[in-house]
Amino acid sequence: MPETTAVRWRRDIHRHPEVGFTEFRTASLIAGRLADLGWQVRTGQEVISPGARLGVPGAEQLEAAYRRAAEEGADQRHLPSLRGGNTAVVATWQGARPGRALALRADIDALPITESDAADHLPARDGFRSAHDGVMHACGHDGHIGIAMELAERIAAEPPEAGSLTLLFQPAEEGGRGARAMVPSGVVDSVDVFLAAHLGLNQPTGTVASSLDGLLANAKIRAVFRGVAAHASLAPHEGRNALLGAAAATLAVQGLPRVPGHETRVAVGAIHGGTSSNIVPDTAEVLLETRADDGDVNADLEDRARRALRGAAETYGLGVDIELIGSVTTARADRGAVELVEAAAAARGLRLVTPSAESGVASDDATAFMRRVQERGGSACYLAVGADLAAPHHTPRFDFDEAALGLGVDLLEEAVRRSL
Amino acid sequence: MPETTAVRWRRDIHRHPEVGFTEFRTASLIAGRLADLGWQVRTGQEVISPGARLGVPGAEQLEAAYRRAAEEGADQRHLPSLRGGNTAVVATWQGARPGRALALRADIDALPITESDAADHLPARDGFRSAHDGVMHACGHDGHIGIAMELAERIAAEPPEAGSLTLLFQPAEEGGRGARAMVPSGVVDSVDVFLAAHLGLNQPTGTVASSLDGLLANAKIRAVFRGVAAHASLAPHEGRNALLGAAAATLAVQGLPRVPGHETRVAVGAIHGGTSSNIVPDTAEVLLETRADDGDVNADLEDRARRALRGAAETYGLGVDIELIGSVTTARADRGAVELVEAAAAARGLRLVTPSAESGVASDDATAFMRRVQERGGSACYLAVGADLAAPHHTPRFDFDEAALGLGVDLLEEAVRRSL
Amino acid sequence: MPETTAVRWRRDIHRHPEVGFTEFRTASLIAGRLADLGWQVRTGQEVISPGARLGVPGAEQLEAAYRRAAEEGADQRHLPSLRGGNTAVVATWQGARPGRALALRADIDALPITESDAADHLPARDGFRSAHDGVMHACGHDGHIGIAMELAERIAAEPPEAGSLTLLFQPAEEGGRGARAMVPSGVVDSVDVFLAAHLGLNQPTGTVASSLDGLLANAKIRAVFRGVAAHASLAPHEGRNALLGAAAATLAVQGLPRVPGHETRVAVGAIHGGTSSNIVPDTAEVLLETRADDGDVNADLEDRARRALRGAAETYGLGVDIELIGSVTTARADRGAVELVEAAAAARGLRLVTPSAESGVASDDATAFMRRVQERGGSACYLAVGADLAAPHHTPRFDFDEAALGLGVDLLEEAVRRSL
Amino acid sequence: MPETTAVRWRRDIHRHPEVGFTEFRTASLIAGRLADLGWQVRTGQEVISPGARLGVPGAEQLEAAYRRAAEEGADQRHLPSLRGGNTAVVATWQGARPGRALALRADIDALPITESDAADHLPARDGFRSAHDGVMHACGHDGHIGIAMELAERIAAEPPEAGSLTLLFQPAEEGGRGARAMVPSGVVDSVDVFLAAHLGLNQPTGTVASSLDGLLANAKIRAVFRGVAAHASLAPHEGRNALLGAAAATLAVQGLPRVPGHETRVAVGAIHGGTSSNIVPDTAEVLLETRADDGDVNADLEDRARRALRGAAETYGLGVDIELIGSVTTARADRGAVELVEAAAAARGLRLVTPSAESGVASDDATAFMRRVQERGGSACYLAVGADLAAPHHTPRFDFDEAALGLGVDLLEEAVRRSL
């Protein structure tokens, strides 16, 4: 693999993954390089509303991540503006003459997964496996950064004469927590065409899927059951075991009914409670989510999940605190944006594919940008840049074919040049 | 409260709690002081068999605790012998003439509980609250150390002429993991009378309960369910959610049947699995225990719990690894040892009480020592030194009346002097 | 086995078992025979308060049982007075002179169990297996009737001169539903000594246990979950599956905590709901009970069980109706009554035994009579007449050694003659 | 509503509903009337293979239904041939000249549902509510019979000259148990065009849906958990409560995962076990089903459901017997048959509609006939004859607009006359 800009960025970011709202090193390096290239760069509270974020880590965790970023080579010029989890960057190249405004989204956060250290896992073999235990770029966002940074270089080298291009680097896509917080700052209010590209999504290298309509709405919930601690042998009857609420709610949420004609999902992804077998635990945390291809269907599933949590608490004499920590809406692709992508793909020899629902459907909070663009009269779409995968998204051996990075840069550059 | 030796030791140890097999600071300081006082001191593998320990923490955790102990003032003369979790100390005072051999047990480990910082929690108010987040002496073992250390001073100051006294400082009483590993080293093989004293146990200050026969047998189990990770939205059907096994097993174990005429206990004390709502988790850990006042009844409950774990795994297409991490047997008090305690109590003006089962029954792996002593023809008993409590054992606001410490020293000194 | 009166009655009643409040044939035959023998007989609403009964079958079921009784040879003189489920009989023999009042209780109901038809099941082999599918005398109440009827003959043949003897034939002992409804009619208000004898209870033939103190308090609950029916394929999301509430409540009730120092029991004995796999069922019935050797402990378990039912309903978006269908209190034996039994046993050569809790503890609503007698200054006890069993109480192969019947008659006759 | 033949038959059959394989009255009356009209009639084992039936009721239940049919006016000429549950009827009208062979399917079984007796439920108001408690025509099969019988009269009155028409009256459509047993007898082996029409299915009166491709494959399972009975208070630990297996399996099956891109269904429709709260029940029956729009997906769900049943049994120390009691495959519509239906609808002024998956998808074992016809080179489709509904299929207040009956007869007559 030639050491292209995209590959170099991808590997560096892959080695230093940061979860949502802690992308201090990532965002500062992006901002620094783009400013050096001549882009107009805005960061932190200029482009993100702190109060509109969901699921922000605690202050202690934010500070630890901030300090680590400083130790690991963050760009000190931009780091302070990001403090407290405002890890968004927006860079704009304004052409000499007025024209259309195009915006591209790249998400920059990693996942709380421990990366495989198997010898045949390429990042491990080639020395760019995650340096942070328990955190991993397992969805390809590192590649999105790589594509955007190489595109930024090409644009700076040969700028368009008219119109403008904006690169949106958003934190906390996982969980649907970041885009919604950038929209209020107006960063896409004047955009004519918005594109969000995602690598992989079960499409092979060399393909493009231009009309991913079926993005799922979702609701992500953190529930904390609160019981009463007790010595499990001396006084079990004085305790209220918070784990029992977690266990019953888990089985109930998993059993929420199907809805004919709709793609739905339910998942309990985490339970944490207790420290020892001989203490009745007074706290148990549950992370869960619902998804559906229709906002109303998802709202109904969310309601039922909340009822299940409350009911499970009542069943075992517990309290429960329920917090919405992420929420994504659905969005439809616009014909204009789709045609732009299709023309660009054809020009660069990429094959257009139409994914079936069966190939799997995800959520992406790019929909928050898309809806805003559409409300203001612009045109938007969400596309997949095919990439062969070593293992599925969100798993410890996830890895993608880096050849897709150059194809992604080509495709987006083509779209930019056709559009402006 | 006068700053007696017992109180001073108690508060220092309370401030620096260490969980089972990581009592590096605790054990090294005990060993150092006793050696300075003239006791014959043995530590580490001289008095504990590494392979007979259950539920030993991982190497990384052991090393971190070892380093912390060194930073927090451990006695460097003895620290190296304890490395790797062999945190047992045995000290003997040999009288000039032959005679009976008496042994006392003090357990030294803390619990994985975060101590209260409420203003009216005495350790917080008086500045000896745990300095280690998530670890706390919430069962009174710090007091046991205090009593033993003051007794050791008194014995050194006025030694018995005949016979011997052995002080057994055992790690990892919680979970029933330490005593069983000291027995094979022969430390109680020649003991004529063995006493294990515990503070509190729902008896008020000024009382002694000399015949705690009803110690429960127990089995502590760590189960790890193993499933298949998957993206919760793209491919939920390819995942096997390990949490479902944990949830179903938890409800099943909690529902194991009563056994008429027997005290039984079942508890699931911890579930840990997953990191995010959108990843089907492939691993979930469960900690549970069964107890009964009869070894066969407990064995049956343990069998059923194991079956429940296997069945829950099968139900959800998971694997499960089941590990016994602690196991305590029952033991009966011997008339001889009980009478010794009763005579000592009477001599020192302490009131004898007979606890009912209703007042709560615990397990203690002192039974491993007791059974060995009894097999070799000695006499043993387990006694409670009453102490008013601020909150129940194993809870964040646990605290005991320090006046009980002096009473405990008096009682045991009396027993020693009567016995030797 | 000689065809004694006790054996003859036992076998006839065994062949025609009737569940609680449907003992039309049973009670009418008892009343008829006793009246013929010269006893003063009261039946129906003279001796039972309809409104104080719990768990009365529906009108249709009562009528069907009434008609069957008529077809199967009920005594038409007494049958009408029992209609509607008032199936209690009280017979008194008044001596010529005033004196002490002694009362004996016999319960007369059968259980909803299908009797074994195995060749080695004696009632099957000897032709007195239950003629009613799904109903069986599986607790020995048929034997209690046999004992009482032979005793009645002996008393009529050789009446006491002073005092009075009252035989209380109570319906619906199973479930704790009948005695409580007889108490308000005053049938034990003037009683000096009250005895309730039960066959078996894990004691062998030839023994008597005179001080069964540990009768358990209980609460029996019928819960009906109410959901919404739907086609399981066309509209599963429109349904609310009542079975899910039943399933979750079952697991929760089974998992109610132990209470140290107490005998407790929890049991879900029945779930019924649904007719077909492709209809989401809108109704599910659950029968459960809690028991404890202490009224307050049982009340706490009952509260928790009710909360579990409500919580499980909430979890799955259901309603739930909770009905107390049986309730028994605890009672203690009085020294006077116990000594009477012990003297009688000694006189007749029966061996006194003291059952341990381990041998199993039951509930019996004779405690309602006992408490009333004690409140009014009388003396009461509950005793076991030992009988070897072929299989445990309440199982399809239950059968008892009929030799115990004669021993029971002897014991009670001796107690009567000593008492009056 | 005019008293047409279709309405008259519909109401009579509605009043006398019979569940699958007990349609003795229904089938005998159909056979009798068709024979009287001149159709060639075959019944019983001529047209159904007893051994290929699934989920046949027990012999006792079959006989009771048989006797009831005789009492309620069954046609004695045909009744004996149906005995034992072989309740299929096939009637053929052979034209004078050779020609195409057309076959129509009508299913004739009712559901185990208790019909509403609300005043505004039309069958109750107009006096044709079910006379059989707990059984109801709640899916419209009574209407299918009405349509077929009026069509049979019209054909007999004005027979086609060429080709043949076969009317297939199949038992036990509910559960997917009847069609599969008629196929082996060859009744559709020579058919050129096969149509199966169903009333309602969420389409309004006056419409026809001609291409219902999405019929779901399914598997219906009856599981019986086998434990050990015990007295719930005397010896709870000796029992193995079969209900616990049923409860845990229910929650597990309900929680089987979604499969992206597929319509799937899971349902536990019934649990039955136990008779009393104080007996640990040794048996519990569960009825459940899985469905999917793809045979492999359904097979995977069925496998997982079976594993859940086995795992739940293991969890609670139970045995479990698992029986497949119904199984339906998927089928696709053929263009030829669809075009015939569309032409007939257009000719009769009925509006063609294309149902979305969202409107709900059912299973129908007409697919067994369809697949056989297609294997032999014929053309088949499954169509909905729209009918306004008072309440959803399979619910106690289900009722359809009887105006749809005449429209259904017209449509099918038109199809017949165009085809032959």
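Each chain carries a letter (A, B, C and D) given by its place in the written order, and its residues are counted from 1.
In the analysis below, a contact is a pair of C-beta atoms (placed from the backbone, for glycine too) under 8 Å apart; a residue touches a chain by one contact, two chains touch by 3 or more.
In UniProt terms, the chains line up like this: A, B, C, D = Peptidase M20.
Predicted model, so just to flag it, every value in this text is computed and none were measured.
Two copies of one chain, subunit C (Peptidase M20) and subunit D (Peptidase M20), form a contact in which over half of the residue numbers belong to both partners. The most distant chain from subunit C (Peptidase M20) is A, comparing centres defined as mean Cα coordinates. One rotation lays the C-alpha atoms of subunit A (Peptidase M20) on subunit D (Peptidase M20), and its angle is 180 degrees to the nearest 5.
Set against one another, A-B and B-D show the most C-beta pairs in contact at A-B.
Distance between chain centres (mean CA atoms), subunit A (Peptidase M20) to subunit B (Peptidase M20): 46 Å. Centre-to-centre spacing of subunit C (Peptidase M20) and subunit D (Peptidase M20) amounts to 46 Å, using the average Cα coordinate of each chain.
Averaging C-alpha coordinates per chain places the centre of subunit B (Peptidase M20) 65 Å away from that of subunit D (Peptidase M20).
Residue positions of subunit D (Peptidase M20) touching 2 or more other chains, listed in rising order: 233-236, 244, 248, 251-252, 254-255, 258, 260, 265, 360-361. Residue ranges on subunit C (Peptidase M20) touching subunit A (Peptidase M20), taken from their complex, read 233-237, 239, 244, 248-249, 251-252, 255, 257-260, 300, 304, 307-308, 310-317.
Listed in rising order, the residues of subunit C (Peptidase M20) touching subunit B (Peptidase M20) in the complex are 251-252, 254-255, 258, 260-266, 356-361. Those residues of subunit B (Peptidase M20) lying in contact with subunit A (Peptidase M20) across their complex are 111-113, 134, 174-175, 201-202, 216, 218, 220-221, 229-236, 238, 241, 243-244, 246-248, 250-251, 254, 265, 267-281, 284, 287-289, 291, 326, 360-363, 392-396.
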